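Labels run A, B, C, D, E and F following the written order; every chain starts at residue 1.
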Amino acid sequence: MNISARNCLKGTIKSITRGPIMAEIVLDIGNGVQVTSVITAKAADNLGLKEGKEAYAVMKSTEVMIAVD
Amino acid sequence: MNISARNCLKGTIKSITRGPIMAEIVLDIGNGVQVTSVITAKAADNLGLKEGKEAYAVMKSTEVMIAVD
Amino acid sequence: MNISARNCLKGTIKSITRGPIMAEIVLDIGNGVQVTSVITAKAADNLGLKEGKEAYAVMKSTEVMIAVD
Amino acid sequence: MNISARNCLKGTIKSITRGPIMAEIVLDIGNGVQVTSVITAKAADNLGLKEGKEAYAVMKSTEVMIAVD
Amino acid sequence: MNISARNCLKGTIKSITRGPIMAEIVLDIGNGVQVTSVITAKAADNLGLKEGKEAYAVMKSTEVMIAVD
Amino acid sequence: MNISARNCLKGTIKSITRGPIMAEIVLDIGNGVQVTSVITAKAADNLGLKEGKEAYAVMKSTEVMIAVD
């Protein structure tokens, strides 16, 4: 399945913290950079996420803000 | 100013395409990886974005989805 | 690729309206119900969207609000 | 009150799972299709949501992604 | 219709700028404070928005970030 | 750091409710108006949020809907 979301960053799951409804996933995308994602706990279960497994951070372009120093 | 959005990826502005309301910004974040952002054209003007300039892609963790192969 | 977004509604593309940056896609999901999506024009091109083609509306659960009469 | 969000799907509340901050609402929108929503637990209380009650899933068009097989 | 979005700020429409797909609405919410909204141009038409008219800025709580100096 | 998000409302933190993953922050922005934000609990910790402290509610314009009576 191809999706309209235009950003996809490959990484390795570093940690998974489950709450009752939401779960926080930290992805290591290389060069010491981490991306934090909050998805539903059920989605984390459905995807079979596990520490050390490969995964992608996917973001719609309208959700990416730009900042400058 | 510190903000609650937890993801901040440093990059270089590769292209800016302006529409009447929105603008599309492509950021090169290194290793051949690009991040596409759509912000308002006025925000692009206010920030003084220019090709080749350093900028950051900022994403709230609830806007980062996870995908697996 | 499996994604954490938990909502996926199958439909047929009824119309595509392209602007310079964004495109509006109307999906007929059956029973006379339509879903309107706004994605980047480039994403619409990359996906090869065409009127009459099958497609899915995909929504993260945190983006679905609930209303009552 | 009329709102700019352009998508509104009528359904019946199938389940409500409350966490301390967020609540997950599953809506049956007919034909065996379900829509999952995550809203704040307080919003679920304020709206008086109950299983079996009619409700609407409301989504802004910029939050609806498009996918194709 | 009551909605789960928990933030609603009353204001007066100060300006409307229409693009082909999106429209930018500036709302004056009093005390010299303005709120900028980008919605679809069709939603702006459907709501009959006009400069000087009363309107509300509505935001889901998960879309409100917090910043500190 | 300047950011593309165009809305920034100054206020005072009225309450903080922490869940395991998310935290709900209520901001008093004056004139009896409150804004509710849900951010990650870790972001609330990192920002050092405390009741009575000054803070800003920051919203991207594409996340601000418009409603009329």
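Points to keep in mind about this one:
The criterion applied here is as follows: a residue touches a chain if its C-beta (ideal position, glycine included) is under 8 Å from a C-beta of that chain, and two chains touch if they have at least 3 such contacts.
The structure presented is a predicted model; accordingly, all values stated were derived computationally and were not measured.
Shared contact partners of chain D and chain F, listed by label: A, E. The set of chains touching chain A and also touching chain D is given as C, F. Across B-C and A-C, the chain pair carrying more C-beta contacts is A-C. Interface repeat of D-F: among A-C, E-F or A-D, the matching pair is A-D, sharing over half of the residue-numbered contact pairs. If you average the Cα atoms of chain B and of chain F, the two centres end up 22 Å apart.
Taking each chain's centre as the mean of its C-alpha atoms, chain C lies 17 Å from chain D. For the pair chain C and chain E, the distance between mean C-alpha positions equals 23 Å. Within chain D, residues 1-6, 19-22, 24, 36-40, 42-44, 47, 56, 58, 60-62, 65-69 each touch two or more of the remaining chains.
Applying the touch definition to all chain combinations yields A-B, A-C, A-D, A-F, B-C, B-E, B-F, C-D, C-E, D-E, D-F, E-F. Remark: chain F residues 1-5, 19-22, 40, 42, 60, 62 touch chain A in the complex. Those residues of chain E lying in contact with chain B across their complex are 17, 19-24, 36, 38, 62, 65-69. Within the complex formed with chain C, the residues of chain D that make contact are 5-9, 24-25, 27, 30-31, 33, 35-39, 43-44, 47-49, 53-69. Residues 1-6, 37, 39-40, 42-44, 46-47, 56, 58, 60-62 of chain E are the ones that touch chain D when the two sit in their complex.
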